[in-house]
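Written below as C-alpha cells is the structure these notes are about.
Here the chain labels run A, B, C and D in written order, and each chain numbers its own residues starting at 1.
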C-alpha cells in the first residue's frame, strides 16, 4: 500500500452573525454623540464622573445619576504614535492615538489626535473634538472624527 | 492546607509558527514531556486544568472537549480556566488549589495557543458596532501606559532597548524559544522600526504557537518524585476592574496586592534580596522595569535603574526572564504558564543552558487584560518551613 | 432603551493538519479511505490519540469505503449541508474497523429508506481538494 | 472536607432575547439580590468565580465587562471558567476548602440569543479536523444519541413526549404529531435558548449558619469528561455522569439514590431517562423547577441547576438534593453536586 502525500492545511472558514446590545448605560452616551454632545454621569456614592458612563458605578455598584453635558474639551492624558502600516488601517501612519481626559470627567476616552504633527503631541496637550458633518452623525464614537489641539500655538 | 505543594514535572513545546502539527499534537508535546519529567503516566493524574486565551482566536469552542484524549483527560475532571493573558498563572494556581483542597493527588495543568491558524491581531482589533475603528492594535493599548511610566520615572530611552537585548540573549540559551538572537545589539533594537511610539519592533513580543504543561502534587508524592521538586512557597491572584475613574495602569494595585500576598505566604520581607531569579510577563520591553516595581522587586520609579546597572541581565544579581520571556516567544494561552514553569525549572536546577547558578527562590508572574489580572507564585528548591 | 445592531465575525482559518490527518485527507482527495491502528482495532476516522488509553495511534490502514449504519438521525436539509434534500446524519461502522465514522447518508430524501443496519458506501465529490467534504456522503450499497 | 454551603441563590428570568442590557447590567441586579438575601455586601465576599463563553457573547475577552458588575475594587481574588458557571461553582467550592476565606460568590451569564443562529456556533465545539468541517445541524449529535437510546429500548418517542407534557397543557399525542428537527427529536424536545444570569453565594461552616436558617450544604461534587468523537463512545450510557456521581457520593456519604430532588441539565428531553439511569436516581422528583426545557440560558444553565437544587434544601422541601450540569456534544462532560440540609 502506498500512502498519499499528506496535505498540509485545510480551509476552516467560520462565520457567525450576532446582535450587539449596547446596554442602557452606554446607549445614553451614544445617543448624545449623535447630537454632538458628550454626556457624563456622576456616581452618587464616590462622586466620580464617568464619560462614557455605565449604568452602575464599577467601584460603588450604585446606579449613576442623570446625564449632563460636558464642555467637550479636555487634555491628553497619555498617547502613542502608531508608526507602521497594517491591513485595514484607516489613516496613514504616523498618527496619534491618545487617552483623553475630558474636562469634568474622571475617566479617559481613547481617540485620535490630529491636526498636529505627532512629535508635537505631549501629555497635557489641550484638545477639543472635531465632529463629523450632519449627514455622518450617528450613535457612535465615529461622530467624533478626532480631537485636535485647542490653541493654534500648539499646532 | 494539606501541607506543602510542589511542581514535579514541566514540559513545553518549541515555540514557533507550528505549521506542521494539529492542535492536539501540539498540546501532547508538552503533556508527554511533563509526564516524562515527573516519571508518571496518564493513570497517575487525577485532574486536568486547561489554560487558553479566547476561543475565537483559533475558532475551537470549549477546546477541552476535543482535547480530552490529547491531554489524557478521559475519565478525569477537566476545568478550562480563562482570565485574559494571566490565564496560565491562574490555571497553575487553581491546579495547586485542587491538591491543597484534597480533591486530587496530582494535577496536570496544560496550556497552549495555536494562533497561526487564523488572523489573531485582526480578531483582537475588530471593531464592534457604535465604535470607531482607531487602528490602534494591541500595542496601542500598552504604549501610552509605557509613555506614562517613562514620564513618571524619568527613565532614559535606552532602558527599553537594553531589556530587549537581554531577553533575546537569554533566549539564545533556551532551545524552546521562538526568537533566539545571541547577536542582537542595542543599535539594532534602536534602529528597528517604530511601531507604537515609544515601542519599537524589537521591543515587542512575537505571536507564537506553543504549549506548556506542569504536574503539581503534595509533599509526600513530591518527595518520591524522581527529579527535584519546585516547592511552592506562596501563590496569589488578584483582579481589578478595567475602567473605573482614576485607575492607575502603570502600577496597578492588583499587581502590588498579588505580589505582597504571595511574599507574605513565603515569609519574604525583602523580595529584591530574597528572590534569586524572576520570570515576569513582559510583552513589551518597558514592562520589565514596570513589573519589577509592581511586584516589589524594585522601589517605585527605580525599576529602570536595575536594568541600567545590568542587575537584571543573565549574570546580574536579579536575573529577569532567563528563558527569554514573552519577548522571545508568546503562545498567549501558554505564556503565563511558561513563566510559572520557568520559575520551577530554575529552582529545580533543570533549566539547562539558561540555568541561573544557585537559584534557590524564584518568582513566576503572569498578567492579563488591561493589566487587570495578576497571578504570581514564589517557588523554592527547599520545602517551605 | 438600549441600542442594538447586527454584526458578523468571520475567520478565514487555514488549519494545519499534521501528518496523520493530512494523509487521511490526502486519501479522501484520491477517493481513498484510511483508518488507523490502535490496540483495540482499526479506527476510522484516524484519531490521533487512542480514545481509551490516550496513547498515540499507530499506522494508517487503507479501507474499503463501505460500512454499516449503526445509528442515524433524520434532519431537514439546510443551505450548506452536504446533501440538498432531507438526509440522515449517521454513525457508520466501516468494514474492518471498530467504532464508527460520523457522516451523512443520502437516501434520496425518503426517510422510509433509512434504517439501522443499512449497508452503505462512500460517494465521492467529483472535484476534491483534500478536505473532509471530499467524501460527499454515503449512499445505499446496491 | 470543610463544611461549605449554598446560602443564597438568585437568577434573572430566562427571557428569549434580552435586548436592553449589557453584560454588567444583566448580572449586577442579580448579584445585589443574592447578596441582599443573605445580608452580605460585596466587600464581605472573599472570592469570586464566574462562567461565560465568548462564542455566545460574540466578542473576545467578553467576560471582562462583567467584572464591572462585581466592582473589582479594591482588587479581588477572582477566577473565571470559559464554561458553564457550574464549573465556576466547583472552583469556588474547592477554593473554600483551602480555608483562606469564608465566603465566595459565583455568577454565571448565559446569553443564547446574541448569536443569530446557533447552527453557526455549536459546530465550533466539535473536533476541528474530523467533525467541524461537516458543520452538522446543532441538534444532530443529540439526535444520534436519542436514536441510540430508542434503538436500545431505553426510551421511546412516547416517553419523551410524556416528559415534555408533564410541564405543558398539551397531550402526548399532539406532541407526537409535530415534525422532527432531528429524529426522534421534535422541537419541543429541545431546550429553548434564552438569556439569564444566575448568582450563588457560598459560605463555610459557622458563617453559613449565621447567614441563613437552613444552608444547603455541599456534601460532594465531582465532574468527569469522556472522549470526544461520537463514533467511539457508547451513546446509550453516560459513563462520565456515573463516575462523577460515584465520586460525589463517596465525598457526601449518601448517593443519588437517596435524594428527594434532582435538577438535571437536560438540554433535550431524552437526556432525562439517560441521566436518571446513569445517576441511579430512585425516588427523586426530577426538575421541579421546569429544568432547561423551560429555558436554557447557555453558560448559566448548569449553575441554575445547582441553585434550584439548593433552593429546595433551603426552603425545607427537600432534605437531600442533586444537581447536574453538562457541556459538550451528547453529554460529553458532566458535573454532579450533592447537597443536604445537614453537614456531614
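One rule holds for everything that comes next: contacts are C-beta pairs under 8 Å (C-beta built on N, C-alpha and C of every residue); 3 or more make two chains touch, one makes a residue touch a chain.
Please read all numbers here as calculations on a predicted model, not as lab measurements.
Counting steps between touching chains, the shortest path from chain A to chain D takes 1.
Common neighbours of chain B and chain D, by the contact definition above: A, C. The chain with its C-alpha centre at the largest distance from the centre of chain D is A.
Mean C-alpha positions place chain A and chain C at a centre distance of 47 Å.
Here the CA centre of chain C is 31 Å from the CA centre of chain D. Inter-chain centre distance (chain B to chain C, centres taken as mean C-alpha positions): 39 Å. Along chain C, residues 1-7, 9, 11-19, 21, 47, 51-52, 131-132 each make contact with two or more other chains.
Residue positions of chain D with contacts to 2 or more other chains are 19-22, 55, 58, 67-68, 71-73, 116, 121, 124, 128-129, 133, 227-228. Residue positions of chain B touching 2 or more other chains: 19-20, 22, 56, 59, 69, 74, 117, 123, 128-130, 241, 243-244.
Chain contact topology: the protein chains form a complete graph, every chain touching every other one.
Note for the complex: chain A touches chain C at residues 1, 3-24, 26-27, 30-31, 139. Residues 1-2, 4, 6-7, 9, 15, 17, 21, 43, 45, 47, 51-52, 71-76, 78, 80-82, 89-91, 99-104, 111, 116, 131-133 of chain C are the ones that touch chain D when the two sit in their complex. Within the complex formed with chain A, the residues of chain C that make contact are 1-19, 22-23, 25-27, 29-30, 32, 34, 60-62, 130-132.
Interface residues of chain B facing chain D in the complex, by the touch rule stated above, are 1, 22-23, 52, 54-57, 59-62, 64-66, 68-69, 73-84, 90, 94, 97-98, 100-103, 123-124, 128, 236-244, 252-254, 257-258, 369, 372. Across the interface of their complex, chain B is touched by residues 1, 48, 53-55, 59-61, 63-64, 67-68, 70-83, 87, 90-91, 94-95, 97-99, 121-122, 124-129, 222-228, 239-240, 243-244, 327-329, 332-333 of chain D.
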